[in-house]
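Heads up, the next two complexes both have chain A, just with different partners, chain B and then chain C.
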Partner chain A sequence: MSLVNQATSKRLLAVHGWSGVLLGLFLYVVVITGTVAVLSQEIGAWSISGAKTQAPFSQPLDARIRQLAQTVEPKYREDITIYPNASGTILVFFHTHGVNSAGKPDDVGVRFLLEPGTLKVAARDEGYGSELPEDRDSALDYFISILHISLHAPDPVGLYLTGLAGFVMLFAVISGIILHRHLIKDLFVAPRLSSRLLNRRDRHILAGSWSLPFGFLLAFTGTFFSFAGAIGLPIVAMVAFGGDQEKMTETLVGAPATVSERPADMANLDSMIARSVARTGTQPSFVSIAHWGAADSRAYLYHLPSGRAVEASTHVYDMASGRYHGVKPDLGTRPSFGSTVYAWMGPLHFGHFAGLLSKLIWVSLGLAASYVTLTGLRLWVERRPDMPSGRVLGVAIPMVGYGVPIGLTGAALGFLLNYPAGDPVSGTAFGFVWGCAFAVLLAGVLIRRGDASAVFMAVLGLAMVALPLVRLATGGQGWPDLVGAGHAVVVMIDLMLLAGGVFALHRSRRGDAIARSARGDGQASAAVPAE
Partner chain B sequence: MPARDNVLRWVMAGPLALIAAVVTMASMPLWLPGGAAGIDNLIWPILLFPALWAVYFLYALIEARPLRGTGVIAAIILANAALIYSRF
Partner chain C sequence: MSTLSLFAAATAISLLAVIYLLYTDTKRTRVFRLNRARALPRYRRAGWAIAFAPGAALLGLGELSAFLAWCGAITVLAWLVVARTPADNR
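After this line comes the complex of A and B, so read on.
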């Protein structure tokens, strides 16, 4: 039984359908890139055939940081951030805070890239954080993450766009719940075989019903992440701090009041890291040091969730004495309800709260949400075979539906071909653009065919199968070496690509046969692509 | 007057719902308690922004009388704007 009367139900259904038609493909792009971005860390490791070191923070960093601190201007010792990239190269950014050429608050300082193992300086760059050269080792995973976060559109337009996509999804889920007359029954519906349209409708309802809670979770957290920085922070800062965003960030982050600027010797960073590793059982993913060289200096060691914990944790050490100060809440200086809820937003959106297992579950649910988006659009088209907009969508759905994954495989190919000797940052971007352009051209060539899905799926399948082979051909390590070196995750991504590619090739042959048979029977509409 | 109702509903669900969500978020730090760490009044408005927008948007579609709905959302906007104005 519906929760609202018939007139309201009709209105909600109209907005549910039209918002989906107008923004559904755009929403699909955000969801499918987010699904891939869940594995960005693993894709980063895969793209360079495994990091050169498994424990980047267990290298003797203390002596190197002290040495480098002497080579930068004293103002840049205000904050130091230290983190490894996909290959295990350590990035050390000595910085202070300023306003960049775009007039935005930004970190400014000197960034060093330290080779894994030797910690030799591989590169030294100076300037604003947003203007420093991109890290070539992490070019592929970074490209995929930013594609999902802001579609590589300028800030804040990209965040507005992805936030809007999140809101459309949020509304689709809420209206879906209200409109569902038989939610419990729909969770167990058996797709009818009496007609293709009914079969597709039942499969859409089945996948959509099971995806509702996850869709709500993703849409809510995603809309929050897009709008928090682009709208929320500036507006709340304006009301509460007279527009001073830096002051608001300091209050939220819980930066300690300056205790003393008196110069002091720094305790051994390696010892603090070792104690933190022993305490949490994991390597930190990020280390930040405030006020290097001063008596009030603190080190913040950020660990991703481990054990039964869902939230990440930040462990604080006094840099002057080396004493442990305990776990710092994500927000503020004391535990609070607001900070706890905020700390859950990341794990719930990225799915990294239980390691690889939760990530793989999030990938599966993300694929289901992508499927629901596309099948919803297809149903709308099939019900309106004579509408011109339906014909346009009939071409656009397979073009975007398969074009974006083809673009992503193009990005990976661009990275692999350029990493050994070229510029992988540009190579990745060009690979994606070429992949997408190829999909558009293919759609143009096949426009008269009507059913283009099978061809798109064959292209995607071939590209996916080719990726592990190209990785090997461009100098990547083989499976026995990878397993021996503890890089099983690279083998896992290879296997996922091969399995996905073979599945797509199999489906393309089956889809083509169905379409040929349907065309033969005169049942296939030019506007309706086959499954 | 279905034409007028349609226009009102579009205005209510589009710009008014978004503006209402933004001004509600902006005024919340002024009346929400700071909590144990003194930051709850800053983070909850940002956390709840998507929900506020969704609630106003949904209300615009569910309200049977668009004129009354427009009045309600306009009143919410004005009340929150007055609260913010009183702060400066």
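After this line comes the complex of A and C, so read on.
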């Protein structure tokens, strides 16, 4: 039964369709890059054939941090952030807070890159955080993550754009629920083969119906992440803190209860990390130390979710005494409903709450959302065969639909070819641009052909199959060595690429269900028309 | 039982219930003119209850991460199972 009358339903369908046509391809770009970005950590490990250390925070960091602290200006000891990159290199950023050349609040200080294993200083860079050289080991996973977060557009335009995509997806999900009169009744009806139009409609509705709850969830959390930083927090700062963003951050993050500038000896950081690992059963993914060398100094050890928990946890230690202070809420200093809701946003959007298992499930949910977007666009084109814009869109859909994944394989190729002796940061970006440009050229060549999906799919399949081979050819480790060194995740990504590539090549030769049905038997027409 | 085993067991039970619901769905039988004589006995409410019961059990046990993973996995697997047009199997 419909939730609205027929006239409203018609208007809503028109808005659902046109908003999809105008912004659907853009939404698809955000969704498909997000799907790939779920595995950014694993892709980072794959791109360099596995990290050089499995437990970067179990190295003797304490002595090295003390030594480095003596080499930086005292003002930069206000905050220290410590985290590993894809190769296990530890990045240590001693910094204070300032305003960068663009007039925006930014961290400024000295960043050290410490080699995994030896902890020797591999690089030392000084300046504003946003202006420091990009980390070459994490160039590929960082590129993919930023492509999803802001499309590499300047801040905050990129966040506005991805937030807009989130709103489009939210609207599409809600209007889809209202429009689909037989949501439950049609939940078990497979796509019918009696006509291409009906088949496309059924495919879109079936995928949309099953992925509705998660489509809403991913869109809502994604919109929150885009707009919270770009619009929400500045508004909160303006309304509640008189425009003082630093004061607002202190309140939201939860400034220490006691402040003391009195100098103090720092307790052993390695011991705190070891205790935190024993407490949570996981390595921290990020450590920050506030007020190094002062009596009020605190260490914050951030652990990803483990076991039954869905939320990540931040464990606080007193740096002067080494005493454990407990778990700090994500927002404020005391547990609250708002902090719990906020803590759930990340796991629900990134799907990292149960390790690789949940990430793979989230990848499949992302693929389902991408499929819904593309089938919706194809349905719109199929319904308007005589419209000139329909013909243009008919070429644009496979161009973008397969072009973005082809661009991503281009980025990976660019990284692999430039990592051994070149500049992988630029190589990754150029690889993506070349991959996308190739897709545009291919679309230009095939524009008279009509639906060029099979050709695009074959190109994508070949590119995916080529990636593991290029990784090996450019000095990457083989499978036995990787498994022996505990880097099975690299083998998994290789296998995913090979399986995906072979599947795409197979599908490009096989054609869609309607083509197969037309070639095969006449039984497909046994299905009754749409109701 | 570990979180992984609970997740696997819950997903398997729900997926079996979804497959039962699929094969006893009247609209699907009518649309694809499937053989009604070979259809399973219809207990739709029981089917739905078994499909959702593992999720409720995971919540009751406080296994939040397994519950979320179950929610995601079952929606994708159910879609993949349902999306196979009966003609494909002939």
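The definition used in the following text is that the second predicted complex is superposed on the first by the 509 of 531 C-alpha atoms of A that agree within 3 Å, B and C clash if a C-alpha of one lies under 4 Å from a C-alpha of the other, contacts with A are read in each partner's own complex, and residues count from 1 in each chain.
Just so we're on the same page, a residue touches a chain if its C-beta (ideal position, glycine included) is under 8 Å from a C-beta of that chain, and two chains touch if they have at least 3 such contacts.
Predicted, not measured: the structure shown is a model, and the values here were computed from it.
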| item | value |
| --- | --- |
| Clash or fit, chain B versus chain C on superposed chain A | fit |
| Chain B versus chain C as contact partner of A:Ala368, first or second or both or neither | second |
| Partner chain in contact with A:Ala264 - chain B first, chain C second, else both or neither | neither |
| Partner chain(s) touched by A:Val327 [first = chain B, second = chain C, both, neither] | neither |
| Which superposed partner A:Val470 touches (first chain B, second chain C, both, neither) | neither |
| Chain B versus chain C as contact partner of A:Leu233, first or second or both or neither | first |
| Which superposed partner A:Val121 touches (first chain B, second chain C, both, neither) | neither |
| First (chain B), second (chain C), both or neither touched by A:Val433 | neither |
| After fitting on chain A: smallest Cα gap, chain B-chain C, Å | 21 |
| Interface residues of chain A shared between complexes with chain B and chain C | none |
| Of chain C, residues touching chain A in the complex | 3-4, 7, 21-22, 25, 27-28, 30-33, 62-66, 68-69, 71-73, 75-76, 78-79, 82-88, 90 |
| Footprint of chain C on chain A - complex, ascending | 185-193, 203, 206-207, 210-211, 213-214, 305, 307-310, 347-348, 351, 353-354, 357-358, 361-362, 364-365, 368, 513, 517, 521, 523-524, 526-528 |
| Chain A - residues contacting chain B, complex | 4, 7-8, 11-12, 15, 166-167, 170-171, 174-175, 219-220, 223-224, 227-228, 231-233, 235-236, 238-240, 248, 251-252, 254, 329, 331-339, 341-342, 345 |
| Touching residues on chain B, where the partner in the complex is chain A | 13, 22, 25-30, 35-47, 49-51, 53-54, 57-58, 61-62, 64, 84, 87 |
